[in-house]
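Some structures are shown below for you to check.
In the two assemblies presented below, chain A is common to both, partnered first by chain B and then by chain C.
Up next, the complex of A and B:
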């Protein structure tokens, strides 16, 4: 077969094709060591932190799931969503309403909340099919207010109370009664979601999302249905976020509509912007960073002995998020994930500033 | 003779209720042939193939008359992804690759796109694996891990064609195959298309302004002007035709004619 090449060198076609897929398990001993150290660290974290910080870590782990959902939608499929709080609220309220009078199994509640989130995602996906970036954002904003109002109505008229109290959940008899137990459960779930998200992006479904986000006409001319790709992106990610919402409802033990305000949606956007758009690692970093940030600052001020009243700090969060978002957009648009990548390459190349230029294998 | 693979009959496309961009174009493409569709800017070439592939986007652009038949099916009004799955692969005009993905991922996307349409792959001619694609396009293999945004114009065209091959096309329509490419690269792209046609029996419809280039590889050619087919014939015949030589190939009998003269001549002599 005659080879066609735009470069002047002709390449013998008998060259074996290099496998370009990376197998996660095919690592060097160095990476294995770091992986084991990382796992050990995560497992022994509860031994070194106080209960309050463990609680924060649990919140961060739940936020990781929500942030991954949002990042897949906004970072990878590039459908900007301001409806994060609505999806979280839908999950939380689904869990709350199901457990008001009955006591259904924990996993069943999570499943139903996930399905409800997916259905909500389907509804908001329909108007987004013909819209572009900014208008999709406005659509999701409309969804946010619609859901917010509905939750308010449910809380005020149907339940006639100021919130719902959820029971302590149990997985096959294992009662999630302490932050420690929650920590390990959430660690397993979040790790599962992280791996699932990474695999999703490598699957045909994820590839279709990215292709449609990148160039919808070219994607369509290859036979990808743009509308199906967008709908599936909305459904899958909002189901994920709703799942996180239900988990959060269970974890906090109470669900009130006031919690799911626009500020929460902005917080999640801050997570993915600070963490790194379109990167799963970015969602993880961003979620942990943003969740722990206010309390870290409080702690820092306490340690430094600067007069920190609780009341003065409440307004500081929003200012801080704003400054962080602007700062990251200006100076580090690819987020913490990019910083981490740079640290990693710097460490691997260590005594040298640059890696030796690799000869392109021809 | 058996029915042609693609048959466009009396096609009429109207933009915004006002501009008739394509006014009764008819042509046919036989299975396994290379057919050219040439004409100047605004002749209606791109509109025609957009009508075929279903890319006429909004309510204000409509196919108002005529039929398009592909492999026995009437395809007017189909969505682009439906026509693509039926086997019509269009290499679009300018942006044709996914810039943020690597070359390898670009090709994987094409594979992803056709996973659902695999059941029909038995009847189609094309490449099904990346290995074969890389064998055909070694320059793409060398750049498999590079982001597609760093590719040169010629490589982008190669990548776009490679991606369409992975979708198992029955006909591949190349819009402006040589737009913005250096003459050498342009010839390589045209050679590539001819190669694919010979080796795989792939049906090719080339849409271009470069009349000489298209005539050199196409068996049959249609010349479009202002929404009409003004000429059609075998390439060898067209190359000999006086008017084609004069208007498109820049040759004139006797005295040299300037642009003004040609324009004048065109106005006097109505081709349609």
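Up next, the complex of A and C:
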């Protein structure tokens, strides 16, 4: 029998679990193999898709970063944010404004956009300290309107133009001039963000967020500072989202305030709901799924020979988003990530219906 | 006088939308983001009915019936299953509802600009100044509707049951109140009120996809007044309508939405539960 609790152990001592494995992300050679296969597949994707779909994948990779930020905030810290478009817009406009007259290095612009996003997150965190679920949502909605109005005025009065054009960025001389180059860069960046998010969630910062989300009073009485948890949640995630906004601005090449409307915020909410709230895998699945969905539908309709006008099609997309949000909330609240987990478990346990208890604990 | 009529008419529309939001929030603890979208969709329906030469005595009941049907569909298909879930689930469902309704409006009405042409037109003399008859019509109609909702809530048996559910769901269920039906009926009434508000708005101004923003304004009115206070929403709607009028009259039209938001942020900073809301609604940390 294993020795009963040493003072540093945080896991309840009655469980036969070695502490080192409790929060491990990857366990065993089998999962490492799958990870390597996955990475190899992602590296070879450009060889099998057309440029247009590569472009969509790039959009999806950028959306992954934004969705991870939103999911950390809304799924894990349970601070419902309707201000996603505002944070994205802040990042995009920061990048746009910096490159209007000068040509600062790409990485510097990204850094500044991230910091601006963090500052904006700090501002919206302050009123949220006294508020709970619904009121936080409304505060972020107010932020959305305030930011979109400011962006509108910046565009109309300061720039006196209908948008900003961003230069082609370069990282240490490596020009991101083609979708292929963008793909590999974005793949590296999003993988980094995914790993960062996974680590954040098992560090004391992320677990503090979850504790406050589960029960703020209990968390406070256990010595967790609720205000610090809420502020850090807003600052970290909005910095992340703003970073995604700046990347998106650079990738699309233009920044206009019309792009950052409430529909964009709802699209991101759809991503995390469809993917799975509170799971990093969910953000990834949801972002890819929702980004590719309209084009897949279009393609499907094309194959089936159903034609539709542009406006009808955009209406159809919105209905679909709405139905997906409602449907997943009602019938599969933990999203695609849960469906994937169920498939995986079923495959691993086949031909049995469920696993013996000992195997789970080992 | 003109300013007074304008503010009163806008106030009436926001109050009508807002008391629906409060009614829903009180009985089911769901913040209905989709109220504005539903209002505009029902207004579109009425405008289409009138445009296709349907007589008014058929079109008006038909639009009310459409509102009731929308309420029944919305509650019994979407919201009923999330009752008792954490509050953000209900919020998200209404967000999904809002975007779905928005899409439906694009498909069926193509995002066209429409107006509801009624028999009222022209202007009349009131207190020495000339005011538009439609404004007066909207003023009277919306306030009558608000009164109707309030009377239902205060004086009828249905209203009594609604208040009991709002007060304590478990106790009222134990006393034999059919909570499911009462909550559903409050959704139906609220969405019918939303339809009426949207139509009144359409009589005064243009109906377009973007005008669904009146739902957000009504929401702001509710938050200022306190989400669980029917009285509060009247005050909140006044503050929203008044500040909006002042901002667009004396500054610039584009500030019309900013003024209520600033007001809301001030209220949230000092009284997060709203001017008339109960403090227990949000546990302060």
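A few notes on this one:
In the analysis below, the second predicted complex is superposed on the first by the 326 of 362 C-alpha atoms of A that agree within 3 Å, B and C clash if a C-alpha of one lies under 4 Å from a C-alpha of the other, contacts with A are read in each partner's own complex, and residues count from 1 in each chain.
Here is the rule we go by: a contact is a pair of C-beta atoms (placed from the backbone, for glycine too) under 8 Å apart; a residue touches a chain by one contact, two chains touch by 3 or more.
All values derive from a computational prediction rather than experimental measurement.
Touch criterion met: A:210 reaches chain B, while chain C stays clear of it.
By the document's definition of touching, of the two partners only chain C reaches A:266; chain B does not. In the superposition on chain A, A:333 makes contact with chain C only, not with chain B.
Judged by the touch definition given at the top, the superposed model places A:222 against chain B, while chain C stays out of reach. By the document's definition of touching, of the two partners only chain C reaches A:319; chain B does not.
Put chain B and chain C next to each other and count what each touches on chain A; the higher total goes to C.
For the contact definition in use here, the residues of chain A common to its chain B contact set and its chain C contact set are 217, 220, 226. On the side of chain B, the complex with chain A involves touching residues 53, 55, 79-81, 84-85, 89-92, 95-101, 104-105, 108-115, 117, 130-131, 134-139, 141-142, 144-145, 152, 154-155, 158, 160, 163-164, 167, 185, 188, 191-192, 195, 199.
Residues 74, 78, 80, 82, 127, 129-135, 137-139, 141-142, 145-146, 149, 152-153, 216-217, 220, 226-227, 263, 266, 269-270, 273, 311-312, 314-326, 329-330, 333 of chain A are the ones touching chain C in the complex.
Contact residues of chain C toward chain A in the complex are 31, 78, 81-82, 86-89, 91-93, 95-107, 110-111, 216, 219-220, 223, 227, 254, 257-258, 261, 264-265, 268-269, 272, 282-285. Residue ranges on chain A touching chain B, taken from their complex, read 1-7, 10-11, 13, 15, 17-18, 20, 204-205, 207-208, 210-211, 214-215, 217-226, 360-362.
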